[in-house]
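In the two complexes that follow, chain A is the common piece, with chain B as its partner first and chain C second.
Let's turn to the complex of A and B:
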C-alpha cells in the first residue's frame, strides 16, 4: 500500500515538473531571439575553411569545447581502465561461438572501417565528422572483440597510452602552438586551417574509438558470480 | 505550434519519465538508463527549441553532439563502476542508509519493550 502511495506521490511530482518545463518551453518559444545565430554563422562560414556548419562550430568557432570534451573522454577512459581487472582482457568466456557472427565479420568489418573513413572525410562539407567516425570505429572494434580476434594493443602498455592520449595531445599542441605564434589560444592561422582541422579530426577519431573500446573491454566480466574479492 | 516545438515538448516529457524512473527504481543499471533518458530529453529540448525559432541551428546541434559523446563516456564509466560495485558487494542497489537505521532502531525498540 505504501509502495503505491509512494509511486503516486513521485508521479505527481514528476507531472508537476513536466508541466512547469512545458510551460517554460512554451514561453521561451514565443520570445524572439536578440541574436540570429544561424545567420551570423552563415556570414562567417568562409573564415572557418570548412563547408559544414556543424564541423565549423565544433572545430573552429567553439573548438575549446571540443578540446575539453576529448579531455573528459580521456579521463573517463583512464578511470575505467584503472577500475577494471586486466585479466578479463583475454577472457575466453566472453567470446561467442556464433558462426553467423564469424561469417558476417569478414564482410562487416572492412565495410565498417571504410564507412568510418568516409564519415571522417565527409565531415568537412556534409554531416559527418570525428565523433561519428569514432563511434563506427569503436563499434567495429566491439564486433572484433566479440568474435575473439586478438587485439593486443588494448592491453595496458605503450600502444594503449598512446592511443588514448593522441587526440588530446595533438589538439593541445595545435592550440598552444597557435598561441605561441602570436595568435590567440586555439585560433588557427587562416592559410593552414583546413589542414589543421583534418589532422585534428583524424587523431580525434582514433582517440575517441580507443576510449570507447577500452571502456567496453575494461568492464570486469568473468567473476561476476562470486562477490568475494581476490580470486584471481 | 510547429513540429520542432513538439520535439521540445516531447523532450520535457522524456525528462519527466526519466526523473520518475530515477527516483523510484532502485536497480542501479535501470537508474542509469532513466538518467540517460533525462539527458536525451534535455538534448531534444535544446535542438527542438532552437529549430523552432530560426530553422536548423548548427550551434545547438554542435553543443548536443558534444553532449552526446560526453554522455556516452560517462555512461560507460558508470557501467564499469556498477559492475565493480556488484563484484565487490554482490548487490545491484545501493544501501538506503536512512531506512536501515530506522529499521534497526525499530527492531531494538520492539526487543527492549518487553523487558521494561
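Let's turn to the complex of A and C:
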C-alpha cells in the first residue's frame, strides 16, 4: 500500500514538473529574445576563420568553456584510472578470441579510423569536429580491445597519462602563448587562428578517445585496501 | 599587469594539474609547492589591484559578452580567490605530509587537487551562466574523484552518492540556464539583469530561477538535501575533507547568492526568500543536534558543516525587499561567515586528522587522554570551535553580529532564535570532543606523534579565523567594491 502511495506521489511530482516545464517553454517560444545572438554570431563568423558556426563557438568565441570541458574529461579519466585495479588494465583473461569478430575487425577498424579522420576534417565547415571524431576513435578502440588486440599504451604508465593530458596541454599552451604574446588569455592571433584550431582539434581528438577508452578499460575496481582513517 | 595576473591565476592551476599528473607523488609534491607559492602571490597581487583600483571585467579571447565569455573581477570575487588560495595552500601542504607516498593511487591526489582549485577560481570569477556550470562540473568531478581516491568500497559508495547528488544539482541548474537563454538570448548574468531591469518580459524566468536555486541548494547540502554530505566528508582523507567542507560547498552557494543578488528584485518572492531562510534555520538546529550525537569524530565535524551552511541561507530573506544598507549588511555577514567557516572548518578537519592519526581510531571516545600527547592539535580544534560558536573576537562572531543587526533592522526577529541557539549547539558538540579528550585513561599508552609541521598548519588556520573579527573592516571594504561600468551587455 505504502509502495503504491509512494510511486503515485513520485509520479504526480514528475507530472507537475513536466507540465510546468511545458508551460514555461510554451511561454518562452512566444516572445522574442532581447539579444539576437545568432545574428551577432553570423556577423563575427568571418573573424573566427572557421565556416561552421558550432566550431567557431566551441573553439574561438567560447574556447574557455571548451578548454575547461576538456579538463572535466581529463578529471573523469584520472578518477577512473585512480580506482582501477591495475593488473586488470591488461588482463589476458578478459580478452576474447573469436574468429568471426577478428575477421570483422579487419574490415571495420580501418573504416572507422577513416570516418574519425573525416569527422575531424569536416568540423571546419559542417557538423563534426573533435568530440565526434574522438568518440568514433574510442569506439574502434573498444572493438579492438574486445577482439583481443593488445594495446600496451593503456597500461597505467606514463604513456597513458601523457595521452590523457596531451590535448588539454596543447590547448592550454596555445592559450597561454597568446597571453604572453601580448593579447588576452585565449585570444588567437588572427593570421594563425585557422592553423591553431586545426592543431587543437587534432590533439583533442586523440585525448578524448584516450579518456573514453581508459574509462572503458579501467572499469573493474581496486581490491587493494585503503582503510578508513583510524578505522582499524 | 592585470592581464598577466589574470593569465597567471587562470593558467597556473590547469598547467600544474597536467604537470603533477605526469609526475609521481613525491615529485608532484615538489611541483605543487612551487605552484602554491605562485598562486598565493598572484591571488594576493590581484586582491591588492582590486583593492586599489576597483574591479574590472575581463573578456576572454578578446570577445565581449554575450558572444564571448566575460569574467567579473570585483571585490567579492577577489576576496574569495584569496580565501581559496589560503585554504587550498594549507590543505595542499598538509596533504603532502599526511598522505602515504608509497600508495600508488595517492599520486592522483595532486592533479585532482589542482583541477579543484582551477574550478573554484572559475566559479568566483564567472559572470556567464554556462561558464559557471562548467566551473561547477570541474569542482564536483574532482571532488568526487578525491573522495573515491583509493577505491575502497566504503569510499566508493560515498563517492557515488555524492556524484548522484552533484549531477542532479548540475542538471537542474543547467535546465535553468537553458530556459534563461531561451528567454533572453544571452548567457551573461549582468546582461540578463540588464534586460530585466529595462522592462523585458519576465515570462519563464521565475521558474528557471527556482530550478537553479534548487540545484545549487542540493549541491550546497541545504537541509533536507544534505544526506550526501556527511558520508562523503567523513570518509575522505582529512586534507580532502578540509577542501570539501571549506571550499567546495561554498562554490555552489556563491553562484546561488550571485543569482539572487542580481535577480531577486524582478524575480524573487517573499515566500521563496523565507523558505530558504527557514530551511537554513532547520539546518542549523538539525546539523548541530546530529553533530552532538555522532560517534565518529569526523562525522561530528561534517554535521557541523551542515549546520554552519544553514546560516549562509539567511542571506536570502535579509536581502529581499530591504534597503540598500541592510542588504549590504547581510552580504557582509554572508562573506564573513563564508571566510570564517572556511578557515575554521579546514583547521578543524586537519587537526581532527592529526588526532585520528595519533590515537589510531576515528571514534570520539577513543580520544581519552589525547590532551597529554597532542595538546597543540587539540588546541587548534578548540580555537576553530570558538569561531564556530561565534564568540568575540572571532570571524564567526562578527558574521553573526551583522546577521543580527540586519535581522533587527528588517524586523525579522525570528532569526535571532537561530543565531543564538545555533551558537549554543556548536558549543555543546565542541565541548563534547574536549570532554572525551580530557578523560584520564591510563590504559592506553601507544600514541603516535605526528610530525610537528602537520600540527602547525591547522594552528595557523585556526588563528586566522580567530583574528578575522579584528581585521574584518579592511576585508569588508574590499568585498563591497564593484566595478565602474556596472552593466555588461
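In the analysis below, the second predicted complex is superposed on the first by the 216 of 232 C-alpha atoms of A that agree within 3 Å, B and C clash if a C-alpha of one lies under 4 Å from a C-alpha of the other, contacts with A are read in each partner's own complex, and residues count from 1 in each chain.
Here is the rule we use: contacts are C-beta pairs under 8 Å (C-beta built on N, C-alpha and C of every residue); 3 or more make two chains touch, one makes a residue touch a chain.
Values in this document were obtained by computation on a predicted structure and should not be read as measured data.
By the touch criterion defined above, A:22 lies against chain B but remains apart from chain C after alignment on the C-alpha atoms of chain A. When the two structures are aligned on the shared chain, A:41 is found in touch with chain B and with chain C. Of the two partner chains placed by the overlay, only chain C lies in contact with A:161; chain B stays clear of it.
In the superposition on chain A, A:14 makes contact with chain B only, not with chain C.
In the superposition on chain A, contact is made by A:79 with both chain B and chain C. Of the two partner chains placed by the overlay, only chain C lies in contact with A:60; chain B stays clear of it.
Using the contact criterion defined above for the overlaid structures, shared-chain residue A:215 touches chain B, although it does not reach chain C.
Contact with chain C, but none with chain B, is seen for A:175 once the two complexes are overlaid on the shared chain.
Of the two partner chains placed by the overlay, only chain C lies in contact with A:187; chain B stays clear of it.
The contact surfaces that chain B and chain C form on chain A in the two complexes overlap at residues 21, 25, 28-29, 33, 36-37, 41, 62, 65, 69, 72, 76, 79, 83-84, 221, 224, 227, 229. Within the complex formed with chain A, the residues of chain B that make contact are 5, 8-9, 12-13, 15-17, 19-20, 23-24, 45, 49-50, 52-59, 61-63, 65-66, 68-70, 72-74, 76-77, 79-81, 83-84, 86-90. Chain A meets chain B in the complex at residues 6-7, 10-11, 13-15, 17-18, 21-22, 25-26, 28-29, 32-33, 36-39, 41, 53-54, 56-58, 62, 65-66, 69, 72-73, 76-77, 79-80, 83-84, 131, 135, 208, 211-212, 215-216, 218-221, 223-224, 227, 229. Those residues of chain A lying in contact with chain C across their complex are 20-21, 24-25, 27-31, 33-37, 40-41, 44, 60-65, 67-69, 71-72, 74-76, 78-79, 81-84, 86, 158, 161-162, 164-165, 168-169, 172, 175-176, 179-180, 183-188, 221-222, 224-232.
Within the complex formed with chain A, the residues of chain C that make contact are 3-4, 6-7, 10-11, 14-15, 17-18, 21-22, 58-63, 66-69, 103-105, 108, 111-112, 115, 118-119, 122, 130-131, 134-135, 137-138, 141-142, 144-145, 148-152, 154-156, 175, 179, 182-186, 191, 195, 200-201, 203-204, 207-208, 235, 237-238, 298, 353, 356-357, 359-363, 366, 489.
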